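After this come two complexes, each holding chain A, first together with chain B and then together with chain C.
Moving on to the complex of A and B:
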C-alpha cells in the first residue's frame, strides 16, 4: 500500500520523476564508464578522423557516434565526459550550498551590523561578472577540475545566501522562534534545529538548479581550455569540434545536446522538488 | 510578583524610515502599571492596536521599556545580563495566539516538548522524552499524538501543545496572548478549563490578553482595560464589569453581543427534523 502511494505521488509530479531519473542516468553513466565496452576516450587514430555517426553515409561500425579531428571515439568521449561533469556538479553545488546557507543563516538571524556587512559582501560578488571571476581564479590557481569547482562555488554561493537570508528574515518573526528564545535555546540550536530544517526544501531545489549551472560553467571553462586537460570533457569536445563545424558538424552538436539535456533535466528536478516539498502547494 | 511599573514602550516605525539614519520611534504603550500575583489571573482587554500584546511581550523582556521597568520577583529585567535574563525567563513563559506559527512545522510534537529539557541540560534525551509524554498527559492528550507533526493536529490540540510547552519548565507566570480567539466555543471551554486547572495546581500567575470580555469575566481576578496604549481602567474583575467608571469601559461592555432568545425557541413544533439529527453521526462516520 505504501509503495502504490509512492508511485502515485511520483506520477502526480512528473517533473520530479523525469528530473530525478535523468540525474540518476547521468550519475550511472559517469560511474559505469570504466565498465562499459568502450574505446579509450584519449586513444587517437589518424586513419579515422572526423568520421560521421552511424546514421550518416561513410560511418565506421566501430565508432558508433563517429570520431573527432584526432580520430578519438566520440561516444566514449561523451560517456567519459560525464565523469568530470558529475564531480564538478556535485562538489561545486555542495560547496556553494554550504557556504551560502551558512552565510544566509547567520546574516538573516543576526541582522543589524553583521547582516549589513555580509549583505554588502554578497552584493560585491553578485556585481562582479561571474565568468570573469572564474577566469581570473583559474588564471591564479591554474587550470584543473578543482579550480573549476572553486569557481563554481565562488559564483554560486551568493544565490544560496540571498535566498536563505530572505527566508530566515521571514521565519525569525514567527512565534516558534520567539518561543525558542523564551525557553532559553542558544543560538546554535535556534539556527540548526529550528531554522535550518525549515529552509532545507528550498535549499534542495536551489542545489538542483546550481548543479545545472555548474555543468554550463564547467563547459565554458573547458571550452576556453581552463578545465582539466587529461580527461575528456564536454566543453573540450565542443572546443575541438569548433574548427570543423563545416566538415563535421556532429562533433560540436553531440556535446551541445548532452549539455542541454542534462541542464534541462536538472531544471526539471529543481522545479519538481520545489513543488514536492512546498507544504502549501502539496496540500 | 511580576509587575510593570510605569512602562512605556516605543518601537521603530519602519514606514517612516528615511534612506539613511534611524527610523523614528513610535510610542506603542505609555505609562502602564500592572501587577500579577502568583495564583491570580489578570485580564488585559481592549480593541486591536491598543497595545495589549505589546505589554504582554514586554513582561517577558522581549521589548526594552523606554521608561519604567518590569520587575520579576523584585529584579528589574532590564538590569539583567543576557545570561541572567535567559535564566529569569524560565519563570515567565508565553502561550501564543497563532498555534500554527508557534510550533516548528518540521518537528514532531514529542520533540517540541522534549527540547526545553534537553536544551537547558535538565534531562537526558530519553528522560526528556518521558517528561514530554507526561506533559502530553497533563494537557489531556494521548502519547500517540507525540509522533505527529503540528499540522496534523487540530487548532485546539495545537493550543494544548502550546500550553504544555509553556508549563514545561514549571514557570511561575504565564502570558497568554489571545489564545482562544481562533478556537470554536466548545474547544475554547476545554482550553479555559485546562488553564484553570493548571493555575490551581501550580499557583500560576497569569496574564490573559483577550478582546473577548465574556471569557475574561469568567477567568480573571483582575482586569486592565487599555485604549490607545494607555490603561483607562483597572481593578477587580467583578467591580469593573458591574460598575465601570470609565466611558470607554462602558462602551466596551455595551458592545458585548448578548444572545436574543425567542421565548418559543425550544417548542416542539419548531424543532428541526429529528430524523436528520439521528442520521448525522452515521453520515460523519461514512465520510471517514
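Moving on to the complex of A and C:
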C-alpha cells in the first residue's frame, strides 16, 4: 500500500500536519461537547464566583479551570464555546468563499465593463474598516450567530474576490483556455470546469486563513455582546474576564489561549496547504 | 477615482442602515408610540417616499454636511464626530510612529546580525506579531503590562483626576507643542498599550518587507564599493543600503495604514479610549442610526483621503511615476 508514502508526505509538510490536526481537534471538541462529563456551561452558582483554576491556591476540585463572575464552570464554557466557533468559522468562511470566488471568476474572466463595475464594488467595500461594517450590520440586524456569519461574509468576500480575479486574469491568457474557446465551450463551462479547478488550491489556503479571521471576528462580536447569548462563547468569557481583570485575571487567559492557539493553527494550515498544493513550491 | 468610490460608499451605507432592517422608525422608538406618531416620524425622515427619492434626499443632505441629529445623545452628529475624531487620529498616528520605529529597527537588526541569533529572534517575533490580530495583542498586553506588571493604565485618555485644560482635541500634540511634559507623559502612558497593540501587525509587515529589500540592496555593487572605500558595515547599511531599500516599505506602509486606522474601532473599545470607534460602539448599542451612519461615512472618507495621499506620495517618492 501507499501508506508509507502518505506518512512521508505528511512529515515532509509539518505545517499541514499540525494545522490539520489542530483543526480536527477543534472540530472534535465542538462536536463531542455534549458527550463529555461536564457541568452545564450556563449553570450559575452564587457560591462559586471567580474561583481560580487548579494550579492556583483556593481552587475548588469540582471546577477544574475555575469559574467566572456568575459561578459558571470555565472548562465547560471553554469546551462548549468551541461550538459557536465551529459553526461560525465553517459557515462564515464558506459564505465569504462562495461569494468572493464567483465575483472574482466572473470579473476576471469577462473583463471589460463587468470587471470595471465589480472591481469598483470591491473597492467600495474595502473603503470601510472591516470591524465597523461588522458592528453596524449586527447592530442593525440584531445580535445572533447568523448575523455574525453574515457580517463575516460581508467583510471577507473581497479578499477572495481580489485574489481569484488576479489569478483568473493570468489563467485566461493560457493555451488551455484558448483551446476551450476553440472547442466551443460555453462561458459557464469554461468558468466552472476549466478555470475553477485551477484556482481550488489557492482558494483552500484562503479558506483556512478566513476561518482564522472568522474566529477572531466572532470573538470580537461576542466580546462586545453582539454574538449569540444562548451559548457560551470565547468572546463572552473574555468580556466577563475583562470586567474582573484585577480580581480574577485567569478568566481572560483561558479564552485568549484558546483563540490564539486556534488562529495560529489555522494560519499554519493555510501555509501548509499552500506548500502542499502549489506544484511550483513543492518542487 | 475617488468620487465613484464615495458614491458607492453612500449606497452601501444607505442600504445597510435603511433598507436591510425594514423599518428604521421601529428601531428608534419604543413600543408605546401611536400609529400617528410613527407616521409623523416617517414623514420627518422622508421615509414615506420611494427608495430612489430617499437615496437622493440622503445624498443631498449628506453632501451639504448635515449628518443629522444623534438619537441617543441629542446633538448634531457631525459635531459629535469632529469632537472625537482628533483622539482617533492621534492614536492612529502614534501607532504608525511605533510601527515604523519598531519595524525599521527589527529589519536593521536582523540584516546587520544576519545568520546569528538576533536574526532568529527578530524573525520569530515578527512571525508572531504577524499571526495574531490586534484584538489578541491588546488583551495579551493588558494582562502582561497592566495586570501582572502594573505599568500602564488600561482605559481612557487621561487620569480622571487630571484637571488640565486643552484648547484642542489633540491632547497629545497640544501638550507636546506647548511643552507641558508631565501632561504629555501621562497621555502617552494612556495611549501606549492601545497604540502598541495597533502597531504590532504593521510592525511585522514593515520588518519583513524592509528586511527583504535590504538583503537585496546589500548585494548590489554600490554597497560593495562603499565597503571597499573603507566605510564601516553599519555606516554602509544605514547610509547606502537603507535609503534605496525604503521605497517598497513606504508603499506597503501606506496601504497597511488604512488597516491600522480600521483597527482603532476595536482597540478604542477594549481600552475605553474616547475616539470615534468607541462612539460607534455606543451608537450600535443604542441603535442610534444617524450616529452610526455618520461615523461610517466619516471613516470611509478618511480611508479614501488616505488612499489619495498614498497615490500622491508615489509621485514624490518615485520619479518614474511622475513622468506619466
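Keep in mind that, in the parts below, the second predicted complex is superposed on the first by the 282 of 283 C-alpha atoms of A that agree within 3 Å, B and C clash if a C-alpha of one lies under 4 Å from a C-alpha of the other, contacts with A are read in each partner's own complex, and residues count from 1 in each chain.
Keep in mind that, in the parts below, contacts are C-beta pairs under 8 Å (C-beta built on N, C-alpha and C of every residue); 3 or more make two chains touch, one makes a residue touch a chain.
Everything numeric in this text was worked out from a predicted model, so none of it was measured.
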Simultaneous placement of chain C and chain B on chain A, clash or fit:
fit
If we overlay the two complexes on their shared chain A, which of chain B and chain C does A:185 touch? Say first, second, both or neither.
first
So, does A:169 touch the first partner chain B, the second partner chain C, both, or neither?
neither
Touching A:70, do we find chain B (first), chain C (second), both, or neither?
neither
Looking at the overlay, what does A:38 touch: chain B (first), chain C (second), both, or neither?
neither
Please compute the chain B to chain A to chain C angle from C-alpha centroids in the superposed arrangement, rounded to the nearest 10 degrees.
100
Just to be sure I read the superposition right, which of the two partners does A:224 touch: chain B = first, chain C = second, or both, or neither?
second
Greater chain A contact set [chain C / chain B]
C
Looking at A:21, would you say it contacts chain B, chain C, both, or neither? Reply first, second, both or neither.
neither
Give me, in Å and rounded to a whole number, the least C-alpha distance separating chain B from chain C in the superposition.
7
In their shared complex, chain C is touched by residues of chain A numbered 120-121, 123-125, 127-133, 135-141, 213, 216, 219-220, 223-226, 238, 242, 245-246, 249, 252-253, 256, 259-260, 263-264, 267
Which part of chain A faces chain B closely enough to touch in the complex?
174-176, 178-179, 181-186, 189, 193-194, 197-198, 200, 279
Of all residues in chain C, those that touch chain A in their complex:
4-5, 8-9, 11-12, 16-17, 20-21, 27, 131-133, 135-136, 139-140, 142-143, 147-148, 154, 261-266, 269-270, 277, 280-281, 283-285, 287, 289, 292, 295-296, 299-300, 303-304
Using the touch definition up top, name the residues of chain B that touch chain A in the complex.
60, 62, 86-87, 89-90, 92-94, 96-98, 101-107, 115-116, 119-120, 151, 165, 168-169
